[in-house]
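Quick one: the structure is below, questions incoming.
Going in written order, the chains are labelled A, B, C and D, and every chain counts its residues from 1.
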């Protein structure tokens, strides 16, 4: 962990990012923007943020884009950006699934690097077409299977590759959620609506939305291809048009066996992505809801826990780490909250209005002074053999 | 959770931030910069990043600051910024403790809002002086007790204030680390060096560095002042100049009792900040290493877990939340890693060099196509009553 | 929890138990004997403890059986016991699997109640034969699927039956161990030897030894029959004669789906029996390695934990509980250890020899007096406003 | 783990136990009896089970004692037993605290070994008197600080003694419950009644009832005496006559520091006994509510978990272990439940009455046959490449 790891980059300019999708009412677009900002490597400069041109423009203005780079369609954006000297370095496609293929085709064709949300597209035809176009284009094409970016996931992959659990025998992977336990799409909720519509989502429901993450994670960590599967997809919520629960057995290249369960109707699970990998001599276990720990067991030894940045963590984890061991990554968001709330207070002052009370919880000089009083009292009490001492700022 | 929560802001311009400290070799400065960037409310525009003018300038250039706003001292910075029309909206002071007071005095005097790292300063004299100056200045003064920015910490405070655990009886708070279990300062390690030097750190060692966080957290969540304490500070590592283990009993306004333990010589603890609060009718428990859960117990009912964004989480938690329940905040960093690695690949291409192999793990069109093949095979297998089906991209 | 629950029984005499198998070198027989003794309902009075008559007798003598009731074969035992006025009330069959059927047939035929270890027998022919004989005999026939005796397992069954999770949708059950990760049977280890020999174990390896527990648990808790399965059994250890890893998909009566994984080659798992049951409106989760907690989630509410004896635990759990909430059942064994060690000390004194040093750790009057000194000092210190006070016995 | 470990003893006769206290309505007496029975080393043969002679006799009959050994007072019991050739080998004193001293004095005086519940007695005068009498008597005197009987507690002691964590620096021990959070004694609840009455309990409330366990555990594991303490005792429930919350700082022989918290008014805690011990090079952590795990951390290594019977567990743990790793000790109780329920069914049959429905959940031949059908179907399905196969008993 060095200042390099918290990455102030600074080797020349920020890269320029364009975005397709992610306007008002979207979810994952905002996540992509935070992610792009975090390490100060990117700045968002252009967008076709909605398929509705008015909404697209309004969303772009809200994000402080130059009005002339708030495009009404991705086709316009690709065409216009291609002519600029300060053209975007890459485009992020963060639309519902059915737009992935046409947008990617357009931007690859115009010579742009592409960052595409998962799943790649809806059909094998689209997938093969895209693969061919990427090969021809020479452009960089990334798919945001974001769980591959976690330090302990990379650590796990590194350990399997290094033979630390021996020959792979069994993989248990699951991704369970509960947010579709009821007929949420009937309420018009936007995220549920398109995800349960085969025309926009593709043939898979839970299997596509989260099963692909589980599948990718299994292949990523083991370094093995899954060559065959035997599956049963269910639709438990009456009227649902796609699967909401999927279970299957897996066979991997090299002889390992496995099971995968993906469900969006499993009450009590918020985002239960878990993988366990068993080899001839050891095993690894990782849970996304406690992502900073990797359990490691070796036959004949007590199981131990490798933490991001702790003893036993290797270069792959270090590459993906910004802050020291023991500070779960929420540390950054906690800090960011202070900055956000201070900003809200300053903006309120500048506007001559009252700030949101929720933004007023930021500790101030009173709390700072109490902290100093605390240290002062503790030192004094200890010097007086533990006598009770007032904390007096 | 709305797009507003992932905060695309956009109400007019970003706020302008200056920074004192945080140059090469520093730790917390980088964290402040990520935090400031996360919600797109701030841009860093000026800095006196080191007490060494050459290092200050080099650090500023690395952060893409305008060269004329890379200052050689905080005094220069305050003076120069005060004269600019695009002057900074706030300064962040992220130096070792002994610089907090003079820097804060200077910037308050020049009319700037201040964000100051904790502990506020070294002595009660400094603290009282600062408090007086803040009062006179009318400026905003924030202290980055960052744990107060966690959603479930705010949730806890809200619940205590709402009487959900009844009258407060007992507080158990602790902050244990192990990184100073040996004589690390003797190796010249920068973080250990100044933290164990009373001249720069103040009279407190562990008590100041982490005890103040525990103390602040206890007061923040309970809404009660600690009025008296009985302490014992120890120096377990031979030769250490400040305490490395502190234990104490606490008495709170209103009659509650408590204990606080802060240690930097507790092997097995990376960043073990934990607080438990007991009232007449219930209790709350929170651990920083699993920050998205808040345990809640009420007499006569089974204990339950409130998660950030899950059922039972209130407006305070929502205010501090960017992503849905179940996605621990490391989710953003995982996503950011993809963007960082894509940037590294694009930069390598632009420079005509080979990219760092660690940056090449980003999933691409092959992995995307395999995901589609997975969905396709699963749907086909299920339609064939679970027949084994090849996964063929 | 009442004295009734810790069960001093006493309604007339103890029941008389006979045992087939469980002699020297056996494992599960000793467990059955402790279990029979725990509630003081049974006394062991007869045994055919080994198929080797000399060993059978020696084992019986070690257990303080009347020499004339130490039988050389189960056939002899059934015949002789049938003629006694103080004949056994039931026989426990705790042999390797291949003896279950003939022994059960013999004892049922002689009119005895039977307690049989699992799995019931090796083949469906044996199973159907036994079922028919039980029906005809009118005798009580119990199979020690011991996990059905856990308080929170009974609680789970009760809750499912009461509709607390709504219509059943999905069952995830697994039983993972690691003790057969290597070719242990080649070393002659007795437990591994017969379990991996199809002639004694039956066609199933892991699937029979532990898979049957998982299967039974799933049916017991859900109250649903599994009507169909699709399985893949593997033999990962070279040369192994039975499966050591089994994975399968399940279909339940009523439409629920499920997955079962049983493995004895999963490093890091000692006895990882876990079940999760998902319904339309809620879910339950139980882990044998932390058996006193049952996780309960209901849609739209925070998940909570019901503990044996705690709030929310119902009559089924109470029926199977001996000690108060929070005292995990190891509490009894801890207490028993004191009694065992005291016994060892008394026996050593009676024999005029030195006791095993490990039996000398029992706290004595010194430790008792230190405890009183502790209370005395604490009361005095508190009365003196927390002054440091010596602990002086 | 061998048959020896499940301990069928058998070296000659069972030892004879007498009991003072533990009659109807008592709690800990029943626990002592189960504990004495578990390893088949003891048989209860005499009792003065209540201070009320009629109740004493009735309780003794319920426990199947010989009527002439159901005594009306402990004095009668000591006198009568002393004259018998089959006199008891030891007496267990399981009364409220105020009877400990007179009963122990009486039985020591009559030449008996004594097993006494904790705390030893009420005052230092009583404690010193007992210590002197034990020394003179030459009798064995054990105090049931039962937590010292846990395998992983003994493991911890062994590891500290072996220097595995280096020189001791800090001890954090706590014992938190919530059952006295309200004025339970006002309801007449028997356990609350005497524990909150200084005349019967002694000067300490929580500090005596559970604080002594925590204190003993700290000294047992560390092998160090606590030489000084600074305490604050509180009475949070209005009207309570003894402390219900106690917090203190500790100083140990050799320079280590520590903190102890005992509370019976901490909502959400059933029996939260937890100890953490930190040394110069490592640490140990144990929680009574998950007693089979001992967390071990060594500086510079990933923390690991030693389990009862697993890798890394030493001879002290083995000495106190009956069943294999991964089978938490509740395993025995689960098994016992089957035996208890079978007994209930047999007794009901013998009495010609209907058994308690709760006792009918014992698996029978149907469940046994279903298990065989399960194995049969799994083997067949796997042989048919995973074809769906009916489970048909």
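Criterion: a contact is a pair of C-beta atoms (placed from the backbone, for glycine too) under 8 Å apart; a residue touches a chain by one contact, two chains touch by 3 or more.
Computed from a prediction, not measured in an experiment: that's the story for all the values here.
Chain pair with the larger contact count among B-D and A-D is B-D, by C-beta pairs in contact.
Comparing the centres of all chains, each the average of its CA atoms, the largest separation from chain C belongs to B. Work out the mean CA point of chain B and of chain D, and you get 44 Å between them. Chain A and chain D have CA centres that are 48 Å apart. Shared interface positions of chain C, defined as residues touching 2 or more other chains, are 230, 232, 248-249, 269, 296, 303, 307, 310, 386, 388.
Against chain B, in their complex, chain C makes its touches with residues 230, 249, 296, 300-307, 310-312, 386. By the touch criterion stated above, chain D contacts chain B in their complex at residues 165, 169-170, 172, 174, 178, 181-182, 230, 232, 234, 236, 245, 247-249, 257-259, 261, 263, 265-269, 278-283, 285, 295-299, 303, 385-386, 388.
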